[in-house]
Amino acid sequence: MSIVSNLLLLTLLGVLLNVIFYKSEVVQKYISLIIFAILTYLSIVMYPLVGSHFEIPFLIAGQHIGFTITYLNYYFALMITGITLLTVIFSLKFIKGKEGNTHYYTVLFLKTFGMLGVILSSDLLTFFVFWEIMSWSTFALMSTGGEPAHRSAFKYFVFAVTASMILMAGVILSYSLFGSFDFAVIHGKMASLSLPMTGFLLTIFITSFSIESAVFPVHSWLPDGYSNTFTTFTAYLSGISTRIGIYGIILFLFGVFGIQTVDKLGIIGKINFRYVFGIFAALTMIVPTFTALYQHDAKKLIAWHSVGQGGYMLIGLASGSALGIAGGMFHVLNHMAYVVLIVFAIASVEYRTGTTNLNKLGGLIKKMPVSYLALLFGIIGLAGLPPMNGFVSKWFIYRALILGGYPFLAIAAVIGTLGTILSVYKLIHNMFLGQLPERYNDVKEVGFSMQLPMWILMIVVLGLGVYPGLAMGLIAKIQVSLGLAAVPYALHGIKAASGQLDMLVVSAVFIGGIAVTWIIYLLGNRRKHVGQYNNYAGGNFLNKSVAYNFNYEFYAALEHVIDPYRKKIIERTERGIASVTDAVSEYIRRIYTGMINTYGIYVVTAFVVTIIILKELI
Amino acid sequence: MNGILSVSTVLNTASAGLIVLGLYIVFTQKNLIKMVIGLDLADTGVNVLLVSTGYIKGNTAPIFSKAGLQVSQMVDPVPQALVLTSIVIGFGVSALALALIIRLYQKTGTLDTSKIRGLKW
Amino acid sequence: MDEKITQRSVWEKISAKLSKRSLWMLHYCTGCGAIELPPTMTARFDMERFGINPMVTPRQADILLITGYLSVKTLKRVVLTYEQMQAPKYVVGFGSCTINGGMYWNSYSTMKSLDRYIPVETYIAGCMPRPEAIIASFNELINKIDRGEANSWKDYYNNYNFYKENQEHTFEGPIETYNDIKADAALFNIK
Amino acid sequence: MNTVLWIVFLPILLFVIGTFMLGYSRKYVARIERRYGPPIQQVFYDIFKLMSKKTNISHGWMHDFAILMLLGGTLLTMYFVPVPGFHFFAQYGDMLVIMYILLIPALGMALGVGETANPNGSIGISRALMMLAGYDIPFVLTFIGFAMINHTTSMYELIQVQQAGGFAGWGLISQPLLGIAALIALQGMLGEKPFEVMVAPHEIATGPMTEMGGKFLGIMMIQHAISIVVELTIYINLFLGGAVNWFDYLLKLFILFTALISVNAVFGRFRTDDAVRFMWKIPLPLAIIGILFIIF
Amino acid sequence: MVNPILLIIIPLGTAFLISTLASALKNTTKYLALLALLANVWISISLLPEVLQRPINVIIAGVKPPVGINLFVGPLGAVFSVIISIAGVLILLYSFKYIEGEQQHKYYTLFLLLITGSHGMILTGDVFNLFVFFEILAISSYILVGYAGDKNGFEAAVKYLILGSIGSIFILVAIALIYEGTGTLNMADLAGKFSTLDPARRLMILVFFITGMGVEAAVFPLNSWLPDAHSSAPSSISAVLSGFVIEIALVVIIKFVYTIFAMTEVLGFLAVAGVITLLVGEFAAFRQSNIKRVLAYSSIGQIGLILFAMSLNSKAGINAGMMQIINHTASKSILFLTAGYMIVKTGSYQFSDYRGIAKKMPVSSFFFVLGVLSLLGVPPFFGFFSKLNIIIAALHAGGAFYITMVFLVLLGTIIESIYFLKILQVFYARDTAILDVKEAPFLPLLSIALFSLVILLGFLFLPQITSYTGNIASELVTKLQMAQVF
């Protein structure tokens, strides 16, 4: 049982070493690389130990700090350590010499420590302790990188503190209701609880996890928070950080409360807790995706998309059927793979050109083909088109929603997908296609250390796309461990008997189609390669000074259609709450008027009021 | 005790009156020195109340000056000891208050509490 | 400029017969010729019967129809567009202005004859020829393609210097069209 | 054995049908304009001429790969749409797969045109994608409605259900609202006149096709022909009860295509935002009401 | 067994020694004071193990209670004297460098008087003796608040004095009523007789006492003096005031309500008063710009939390309240002491002027962060365990009333973490406007470091601490004191 302690102690060691050597970047770099490599190895090797329990003999309020390995947290541990290793490899060169990167690796280690603790914990108290550490380290991680990062990190912090306070209330309320913090015990005693109290408790837990995983009404912290910090952190955060909230939802919705108790919370007819949660997930899919259309900054666009994709995961879980839940869980892995790939590509563009402003870039395919390929694989995955992995999990979710009889949630998913396709094309078009501006003539492709993670993720994205069975095995085991029906999976899609998805055949036919086209292509004469200025522009002469990309207001027409419906309700409510708190605190502040006479009158009024009140009590 | 005018009720009402009067002065007067006077008034009121607790009708002062005086004829001495300390404390606090008010006057040039409102909110 | 008719292989004969039925026309509407085109395209004369469609970009066009006088500035655009067109391309000079300057024979700013700048396949005489003349000349062009004689586009590569000098003489200096004619010539194995 | 035959000859068959339909449509439009119009086999000539062009301008490797992706995607869709007598691939991918495969050609073309670095091309692509957002939502919605009634997402099973019910079982008859909404969306999907803003010749020099010439344009025309047939087959399979035999299939294709191009021939071109607004104001509500009928 | 009376005599004696020999000793007086307080620390720690078996009852001047005055040293008294002496020593160490000038012997005398007063209040068994020590404590803190000698100092001192004397008047009235009713002033004796009184008199005594002591304990409507006093006093004194002076007054109220008045119905009312104080403190602190005023309002908030915890009428509640007091003493002192030197170095009270101070004063900013984290209850620090226990105790009391109370407490924590984070972000901003600021000298940093040891290593000694606080809880709840009357 030393694996879990090694994992956590190693991350702490990482934090310590990085704090000691905060002066020299080189030492920090290699320490982090080695430690994260070991961590990834450990989390892979952890598989046979699934099911074992491990405790630190330290008692808080009658509860030991306990850890246990289940299939679910093995799945998430793999993702966390894997992605952190890739981020470290990528940032070896990316972060060199950047201003404000002294504590780059320390914060990364702290965050991993928090996340590993959260997913490995076996009881509510350890869960909450590491949850606090995680939310503080996410705040620290978000505030590296300049002044705007501080403001957006502060906004995240306000949400995170509210989430952890609600979680604390939930943890201790369930402790007082069930008498113990342990998940298994609570799951056992769940039936004894009255219906309204179960509903209240479930809402508390699900709200705090929804804030962390940026569900619709409480998502406004994510876009600024993720895009103002270093781009490698944007990749890391949108890849795995918000998915810990999803882990919490899976754990509590199915592990602790169990699908039976959740389904008992019916409101009217078919509308039950899961349906209401589905509606929030549906809104999370539609609104952020269409806001992404308006963004001019690549990182913000992707951050809005990671909110949108979170909606897909949640709607999968909310559908409740074996297929839907498998789709939701699989989408967590898929999303992590392709969003990190996309943001690595954006990072390499930023590394070379120094900007991620979509209005200023263009034509980089001529200079950075590998990053283009990476972004292409990523956006095909994000849009959910067949050969890549995004499609498989979306197919599961769609099929679960349709067969489960949720037409309007399915409609929301469709609208979300189309919004994704549009904004995703804008990303690759504005950055890599079109005329190459003069100032980027000497841009080169990024070095090997940055290309390696991109190649790995490309293989993962395509591999999972063609052979989804690789991950479906683990997900089926998770479903069984959570007491749900396992999804009938085959190596390349759904088992033939029960469904209609065979990704191998789809990809094979696609390759066949391309081969046929290639033959037709060869029938014609040889192609003549021409430069970018040899272009038809109404007979005008194109040259450096007039090189024009159609980047700005790429979807102007659609924006005219959508604008009347964009009321920015969320921003207005947030400003409202902020001004109310300010007004209340301003009013309360004025109680202390500074006049000693009024203070005296306060004392006497308090005296009289106490007498009146206590007269009834005694 | 003939009628309502027993000694203890008189003393109690007197002390209550004094306390209320003293506090009224502290709350309404703007001038700091008047407030200190008000505090003293309230203090004396409390002392009166304290002394009155020890009163036993018909007994005399608890001093063993005359020979044949028995303890049972004496008034309870404990509250008087308390009042002594209380008066000393009251005196100390008022002296300190006035000293501070003088230094405050040197600094702010006024005794009016509505003007001395540097620290508020 | 008559071109010695080389011996064409069977495949070239068949492809000429097929591709003559589909000619896409990019007409450069200048001068007063442009107004003659709509009647030829619409119900009365309907040139689409012969597979001739108006197209917008040089990349897709086979025929470049110059419908009137060309000033120096527009000539530059014409040369650029001509070079952007794809290989078997035919220029059709429309009206007397392209043949010998027409009524602007002594004007200081218009070019007098088109074929000194780009190789012209056929001319349609007339100070703005009527649609019947246009249809007739297009049929003539179709037959020429069928007979494999419409090779004026090779002429641009063969004696490119001639055309280059005239162009630079008129434009007072070379124009940057980003097309390497010499390399293209090698592409079509023309010496 | 005959599946291999089908696999080899289906593309050629659909290409020929598609090209003749395009030729027929140009003659049909010409006849409406009281002129003779080109011969039926005109599109063959055009494609042949384009393929035999001597220079084929290309702006980079993505431009070439995009063409492969374009036609490859359409061929992929073609194999998955059940055609009378051939539904071998139907068991490997259902309607959802087809919905997504339809988007691959659009993305392929978009990438290729982006590579040509021509502003007109980019404007064309952005309009095409906006139009996609416009018509795809109602179309997928109608499919979701059908899949929900019959509790299956496989197109082949939907055909069986419709054929079992005979004429009354046709999608268009049993769910008229969904049928009409899909018809309007189909008009946009085929890129017919009212929703043809992305290839506006005079305004943006045929949009995406500005820099496509020679064999690139040839392959695009082949793709266009096949995709028209495929999209029409999808509509037939969903709403006109699929085709029992090839004669019935061709008849339905012919009638449906004539309906669409007659609308195409007489309508002007919508602006992009008007087109999207039209798509979201007429077919979308129709589809939603249709689904509401299904639920309650 | 060392006689606990020394805890009071040593500081009192050294105070007078210092003031008389001031001219001779010049500026060595501070070492004398240090010696006295170190002795106090040694005595109080040695008392701790004995007190756990049975409380010590010390008779003074041979006269046995109920007439004479006695000291009652139970677990509560012992633990609190440890807190007072340790905090006193560390803050004294801090003020070596902080208080300059030849008048410093006055500062040390008053400081020692304040320590005497606090020890006296917590240890005494006699009600009037409690009032006397209360006055010693009050008077020395009035002067110390005005010690800085500026306009704000005197204004705050005068306000504090007037409100304090109103409070002492109320206490004196309560004592008079007690004596008139029961004829005794000894707490143990009083506890027995108190229940015999008629309800109206008991109510009057209770309310007079609570209001009088409440002024010093900074419960909501009565704490108007606290923001001015803590923000304009020298930082070492604000640390002392927020550190243990207001906690002592609060604990005295709680001791009286639990053991002597034994009116547990009042606890509900006190719990509500605590939550109101918490919310008022947090919301008022939300829009402050002067760093010491923020800390002062945050002390009001924390006192509200402690009062809420203590008045949960359960052992767990008092245990959690005591842990929160320990946490608050340590972390609030760290915050005040670090803020003190920040003000001295930058010369401004507005924390918006400390932009990027972390670069110039890295160590004190680091300690400030530790203090904030522990105050907010972030896991590895001691504050987390105390807050956790408070909420467990509250939710164990059960019922919708306590659930809403817990949500209000959590709302207060949210507000608190927001305004503290605003300050931290100003400290760690990257665009520094401050150039010539140097780090605080070593001695103050040492005292702050020792304080932060408490909150950092708190969780290691958790079992020992909970055993002591558990005993306090049992002392109050089982009215231990009453069993040891004579």
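Note that the chains take the letters A, B, C, D and E in the order they are written out, and that residue 1 is the start of every chain.
Please note the rule applied: contacts are C-beta pairs under 8 Å (C-beta built on N, C-alpha and C of every residue); 3 or more make two chains touch, one makes a residue touch a chain.
What you see is a predicted model; the values in this text were computed from it and never measured.
Any chain touching subunit B that also touches subunit E appears here: A.
In terms of Cα centroid distance from the overall Cα mean, chain A ranks first. Compared with subunit E, the chain whose C-alpha mean position is the greatest distance off is C. Chain centres here are C-alpha means, and the one lying farthest from subunit B is C. When the C-beta pairs in contact are tallied for A-C and for C-D, the bigger tally goes to C-D.
Each chain gets one centre point, the mean of its Cα atoms, and the points for subunit A and subunit C are 60 Å apart. Measuring from the averaged C-alpha position of subunit A to that of subunit D gives a distance of 36 Å.
Centroids of subunit A and subunit E (each the mean of its C-alpha atoms) stand 45 Å apart.
Within subunit A, residues 526, 528, 530, 534, 536, 589, 592, 594, 596, 600 each touch two or more of the remaining chains. In subunit C, the residues that reach two or more other chains under the touch definition are 57, 59, 84, 184, 187.
Multi-chain contact residues of subunit D (touching two or more other chains): 52-57, 205, 210-211, 214.
Chains touching one another, given as pairs, are A-B, A-C, A-D, A-E, B-E, C-D. Interface of subunit C with subunit D (complex): residues 15, 18-19, 21-24, 42-44, 46, 48-49, 51, 55-57, 59-60, 62, 84, 86-88, 184, 187-188. Those residues of subunit C lying in contact with subunit A across their complex are 57-59, 76-78, 80-81, 84, 175-179, 184, 187. Against subunit E, the residues of subunit B that register as touching in their complex are 19, 22-23, 26, 32, 35-36, 39, 42-43, 46, 49-50, 52-53, 78-79, 82, 85-86, 89, 92-93, 96-97, 100-101, 103-104, 107-108, 116, 118-119.
Subunit A contributes residues 526, 528, 530-531, 533-534, 536, 539-543 to its touches with subunit C in the complex. The touching residues of subunit E, when paired with subunit B in their complex, are 67, 128, 132, 135, 139, 142-143, 146, 149-152, 154-159, 161-162, 165-166, 168-169, 172-173, 175-176, 179-180, 185, 227-228, 231-232.
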